[in-house]
Every structure is written in structure tokens, then in C-alpha cells.
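Input: structures, listed below.
Below are two complexes that have subunit A in common, paired first with subunit B and then with subunit C.
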Partner chain A sequence: MYGRKGYQLLKDFASGEKGQLKPFNSKLFDETIEECDQNHHLMQSLMRKMQQEDLDVQNSRNADHYGALIHHLSLMRNKRCLMAYVYNRAEIVRDLAWRVGLELLDLPSEIQEKLTSLEKEYFKNHSVTLKSYMGKVGIELNVDMVPPKDPYIKVRILDDIDEGIVLSDKTTNFARHSMHFLKRTDAEPYIARGQMEELTD
Partner chain B sequence: MASNSETRGSSADYETMMSASDVELLKRAWRNEKAAPEILQYEGALVERAKEQIELVEESVEDYVENGKDPLLVSLYQMDLDRTQFLLRSYLRVRLLKIEKFMFHNLKSEEAERRLSEQERVFATKCADDLAKHFEETVLLKLPENYQSVLKQSQISEVDDMVPQPHLDTFVVCRSNNFVSLNLYEEGESPETVEMERGDLYFIRYKIVKGAIESGQIDLI
Partner chain C sequence: MSKYYDIDDILVEEEYVPVLFHKRANGVTIDPSAETNCAEQGSKVEVPFWLAHELQLRQAVSINLPACFDQKTRLEVQADAAYVDLRSRCPYFYEFGCKLEPLVTDRTLGILLSTAFKIRYKEALTKVYTAAHITASKYLSFLTKEETNLYEAAHLSSTAFKKWKTCGRRLERASILGRKRKDSN
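On to the complex of A and B.
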């Protein structure tokens, strides 16, 4: 039955949690592309058959014409399914770039596993575009994602960040589980990566 | 309380703060942009002024910290500065997100293109190129020939039918600043009008109030 694989591909995408990626389903993807090829060949052979019978391909309406039409429509539907799959995943990739960071290596490894190499390429290209825009405008757009309530917040360190973190007013040694009173803009990238958590009480 | 950035270093402390009317304008532009489904006109002059004033206030805050001024005052100035910075950043961010969402549409429609700033236009073109390249490599090159276009479903389609467009029919909450009378339906159909008094709140389709927002008569909330 034509179109079933495209449908399954999209259902697979939709069954993941909203905003989260599942590993790229290359098996279904390739099968859908094969089906497209098949549709195309069958369509062309039907059109050739019509030409051999000296019928006007554009205008005559017989069984072969309708067969070719079905192949054409099925091909278009598969194309739409495939593009929708790729487009929605690309949307989530862009969303990751905003939320987590613009460096590919900053993404936690569980997420990196789920992306194909092409998607990683896209992520890199998109980060470059964003960075060049931010450079031209002269303002960093990654910080301040939430409206600020206080300029300073209390944070607790979750991972071992050690030394080497330079803040705008001091250098501190970040041992695990220690609590600090930091400027919001300094702490935000670490909070987004899950290395610190904000204490709100 | 409105002041000019040129009066820096003079008289009352509060005058070195950002001109209140500029902040109001920025807030209004930010609110409108957040609520509208499509991208609105870029307020270039406003953004430039805001950037300059933010820099000036940052410098004066640093001066205060070095001179050991009352830390409470300093942190108040700092908070106000943070808030304004957030407004500016969020305004630019919301616009970028809208560009990302409707990238092909923004490059195709002339009206939308006029509303972008120079840098945004460069961003949009590069973004669309990235995405088109990604599509081509993942899907399109593997498909048969007539079906390889990014924007059309197949060679046979007459229009670019694979371009998502912003939904101008979404409902928005708006408040009018003046007395406005608008046509509820397209021309030619029943000429029902809605009349808004100053300060009235309405929950209405975006398409209807679009023109009034551009001219500043209505604000989105």
C-alpha cells in the first residue's frame, strides 16, 4: 500500500516527546525513498506505454493515465512526508542551538547520538549564521532568556567545573555541591548546560 | 522625567538614566512583536538609541562602583539596566525566531522583506540557504528528477506550494489608542464595522487590525 511507510515515519517522529529528538530512523527513511523511486519508474513506464499507443499523454484519459496519476500523487505525498520529517527535526536542532549553546561539543552526548552527521553539519552552519548576526549587531542574544528578577542569584554546582572559570568580578574555585552567589548573566550558560542549578527559596 | 543622553554627567542623578519615553517605546515595540503572528517593521532608530543609552548607563554604573557610591543605588541602577537590556535582547530574539520559522516566506514576499533590517536580511538569506542545502543533501537529491525542488512539490506545480506562511487569522488581544472604525470583513461582503473607543480591549482576528497596528493606532497586548 503506497504511502504507508511515509505515514509510519511521521508517526515515529510524533511519538517522541514534544521538543525531544528520537534517533534518526534511517531504515524507514530509506524505504520511503525506495518507494518514491518505484513510483517514479512505474509512472514513467505507464506514460511510455501511452505514448506507444499514440495517445496524447497530456490530455487522454484512460486507465493508464489514472495509474500514472496515482503514482505521481503518491510520490508527492511521500516527498511531503520526508520533507516534513527533516524539517521538524531541523526545527528542534535550531531550538537546541538557542537553548543549550552554539558549540556542537556543548551538547550532551545523548543528544549528539541522535543526530545524523548531516544534521550536525546543519547545526554548525546555523550556529555560524547566528554568531555572525550577533557580531554585526553587537549584542549577545543568548543570555537573558528569562526576564531578570534579581541581578544576583544563588547557584549550586552540580558538576566538577574546577578552576578556570573567569567571572566578571572574581575567579572562584567551583567544587561540586558548593553554593555561590553569582551574577545572573555569568551563571546562565552553565545553568543551561546543566552544570549548575539555581536555588530559589 | 524624559531626558537626553547628552546630559550625562550633569545635574540630577536620575537624568543619567535612560530616557523614559525611549524605554516606553521599546516596551511597546517588544509587546507588539511578541503578540503578532508575522514580523513587524524594524524599529532601527529606536534600537540604535537604546544601544547607545545602555552603553552610557553601563559606563556610569561602573564609575559608581569604583567611586564607592551607595551600593543600594548602584544595584537599583543595575537592575534597571538589566531590564532594559533584556527588552532589547528579547525584541531582537523574537524577530530572529520569526524569521527562522518562516524563512522562505520572508524572502519571497516583498512586504515582509521591507520590514527586515539589513543584518536580518543577510541572516534570513543565509538561514534559507543552510536549510535548503540540508534538505537537498538529506532528501531531495535522492528523489527522482522532477521532484527535487525545495519550494515546489514537483515541476508541475505552478506556485511555490511548499512554503509555510504565517497565519494571519489568529486571534489577538488589542487595545486601541484612538477612536478607530474598522471593516470586519473583506471588501465586497457585508460591510459590518467594529468601532473601538480609546482604551477598549478587543479579542479579534489579526488580519483586521493589521493596518491599524502599523500606523500606531492600536497596540497588541
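On to the complex of A and C.
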């Protein structure tokens, strides 16, 4: 009671690594909403009791009023916890779109499992908006901000990537552990997803 | 209201404070020692800060200083502030103290917070540069959440600097994806 479930929900969120998502805790989420309903119910019954005693519900300050007040405050507290949970998760989802890739299927499967269907929907809509903006402006905004010294870099492939990838200047097959000399802008999204690593020597 | 969605702000406000009820409140079970379903006038109860704050605004309760700011802590801070285990007292020592400061009658709380912070901050920054991360782990367990954030920020900036000096890789796997699991095959 009294904001406990909302607090537990947020503790669960904060217990993950900073900036990382945990799977959506629907159990605690629903329990928090249930606690809100309990508070609402008790508040209503106290206010009805005041009305039955012919007291002005808005202005009189008796014991029932303070009881109803505490229930109201607990409800608002749980609401705040629920909103903060969803808001902070949405922030991480937006971050994913910027830093990893704009396609939902490009995200590693362990990340995709942690998102609810609504969050996936949010990700898709956010990507669509970003793409249309970048198209209108004519610049790709999600690339590295620092101009590189050399337009080409050496990379090693870490994961299995589909065959026949079309890059801006050639078509290659990426075999695992092979090394390639690629254009920086082509390699960037793969490196961000952890499928390649840059070699500096 | 920019802190409405801030997780740390919400967690700080969950810390318990002792309050004294001036008005009776019916139909609530926040007082575990009460036999009836209410909080009696004149009863002393521990409630979360968010509740105490709102009730004090409406003059239903008065807030007393919680145990983490008591005389024992003050003496320890006076003796050697850098190594006092503030996290076990309260993981959000400074934020909590800042929120309490305008609401309690104790005028020395602000001075306690600022002196403790000044000494500990300096110690934390020195530790970042002089101690290896492993040996500093015991020290880190004494730090409050705010101090740990500062320590980690300093650590990140010093590693970034070292990396830049040795011309490390600029493009990296996105940190948001978490630590890489070692492949078994």
C-alpha cells in the first residue's frame, strides 16, 4: 500500500545497468495499477462517508478528509511511478534507434525480446519519422560526428552477416573472421551493432 | 517539474522520515502500531518523504530529522568524513538532506552536507587517478549514489583521455547494447 508497488517497479528498472533495458515487468506494472484501484476505492468510500454525515466534502477538514487525502496522494505517487517507468523505457528505445540502427530487425534478438509490442511500434514510428526528416534535410544524421582522417578503414567480421551485401562501391560476401578494407560510412552501422570491429595497427 | 520523470528523484523521495501527526486520519493503515484503522493525533509514524512533504504542506504533520542525520553520523563526519559509510546510512544522503533542509527546524543540516561533500568529493577524485578499480571497490561501497555517479564520470573521462592519447578505435559497438557475451563456438 501507499506507493510501495510503484516504488518496487522503479527499483526493478533502476537495478538494471544504466542505459540498458530489462524485460518489461508486466507483473509489477499490473500490481501497481491494482494498488491504484484499491486506493481509489478506499478514497471514494471515505468521501461517501463524509457526504453521509452532511459535511462539505471540498472544505471540511476532519479525520476522514485526511484519510482520503493520503489515499489520493498514494494514487498520484503510483501514477508518477508508472509514468516514469514508461517514459524512461521510451527514452532508451529512442536511443537504440539513434545509436544502433533504424530497422527493428537490425536490433539483436535479445534486445527485441525485452521490448513490448507497443514499444516496438514506438520504435518503428520513431525510425520512420527520423528517416523522413533525414530525407528532407538530405543529410544522414546518425553517423559519427568527427570527420575521419582516412575515408577507408580495415575491419574484421565478428558475426555471420548475410551474403551479397551491397555497399556503396562494391558487392561483397562477409565471411566470419575475414578482414576487409571498407569505406568508413559503410562499416559504421555494422560496427555499432557489434558485427564488425575496427582494426588499428 | 522537470524532475517528474527522473528515477533518482522518485527513489530519493521514498526514503522514510519520522513524522508527528497533528490531525487524525481515518481509514489508513500507515501506522503499524495503531490498533484501529487510522493514524491517531499525536502518534509518531515513519512515512515516506513524498507523503510527509505533502502532509506537512497541509499542516497535518510535522517532520522530524531521520536517523541517518543523527549525532553519531555528525561525529563520524567530523572525525574523518572521507571514509564514513554513508551508503548504509542513506544511499541518497545528499539529495535527501537537500530536500529535508527547508522543512525541518535543524539549521545545521546544510553545513553537515556541504562539509561532508567537499571532503569526500576531493577524496573520490584522488582515488580515481591513484587507485586501481579493483582495490578501490571497498572504498566505493561507502559512497552514496550521487558520489558513485561522480566517481564513474571521472573514471570514464580518464579512460577516454588515455584512449585518445593512444589513438584508440573511434568506432565502437554501441554501449546501449550492453557487454558482449563471449561466444562459445
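One rule holds in what follows: the second predicted complex is superposed on the first by the 194 of 201 C-alpha atoms of A that agree within 3 Å, B and C clash if a C-alpha of one lies under 4 Å from a C-alpha of the other, contacts with A are read in each partner's own complex, and residues count from 1 in each chain.
FYI, contacts are C-beta pairs under 8 Å (C-beta built on N, C-alpha and C of every residue); 3 or more make two chains touch, one makes a residue touch a chain.
Computed from a predicted structure; not experimentally measured.
**Q** Quick one: is A:40 in contact with subunit B, with subunit C, with both, or with neither? Answer first, second, both or neither.
**A** A:40 contacts subunit B only, not subunit C.
**Q** When the two structures are overlaid on chain A, which partner does A:83 contact: first (subunit B), second (subunit C), both, or neither?
**A** A:83: touches subunit B and subunit C.
**Q** Per the overlay, which chain contacts more subunit A residues, subunit B or subunit C?
**A** For subunit A, the partner with the higher number of touched residues is C.
**Q** For A:14, decide between first (touching subunit B), second (touching subunit C), both and neither.
**A** In the superposition, A:14 contacts subunit C only.
**Q** In the overlay, answer first, second, both or neither for which of subunit B and subunit C A:118 touches.
**A** A:118 sits against subunit B, while subunit C stays out of touch.
**Q** Considering only the touch criterion stated at the top, classify A:136 as touching first (subunit B), second (subunit C), both, or neither.
**A** A:136 contacts subunit B only, not subunit C.
**Q** Classify the contacts of A:179 with the two partner chains as first (subunit B alone), second (subunit C alone), both, or neither.
**A** In the superposed model, A:179 contacts neither subunit B nor subunit C.
**Q** From the superposed pair, tell me which subunit A residues show up as contacts to subunit B and also as contacts to subunit C.
**A** 80, 83, 87, 144, 148, 184.
**Q** Can you check the complex and tell me which residues of subunit C touch subunit A?
**A** 4-7, 10-11, 14, 23-30, 38, 47-48, 50-51, 54-55, 58, 60, 167-178, 180
**Q** Could you please specify the touching residues of subunit B with respect to subunit A in the complex?
**A** 51, 75, 78-79, 82-83, 85-86, 88-90, 92-93, 96-97, 100, 119-120, 122-123, 126-127, 130-131, 133-135, 137-139, 142-144, 147, 153-154, 156, 162
**Q** Going by the contact rule set out above, which residues of subunit A touch subunit B in the complex?
**A** Residues 33, 36-37, 40, 72, 75-76, 79-80, 82-83, 86-87, 90, 94, 98, 116, 118-119, 121-122, 125-126, 129-130, 132-133, 136-141, 143-144, 147-148, 150-151, 184-185.
**Q** Where on subunit A does subunit C make contact in their complex?
**A** Touch list, subunit A to subunit C: 1-3, 7, 10-11, 13-14, 17, 19-20, 42, 45-46, 61, 63-64, 66-71, 73-74, 77, 80-81, 83-84, 87-88, 92, 95-96, 99-100, 108, 111, 144, 146, 148, 153, 184, 187-188, 191-194, 197-198, 200.
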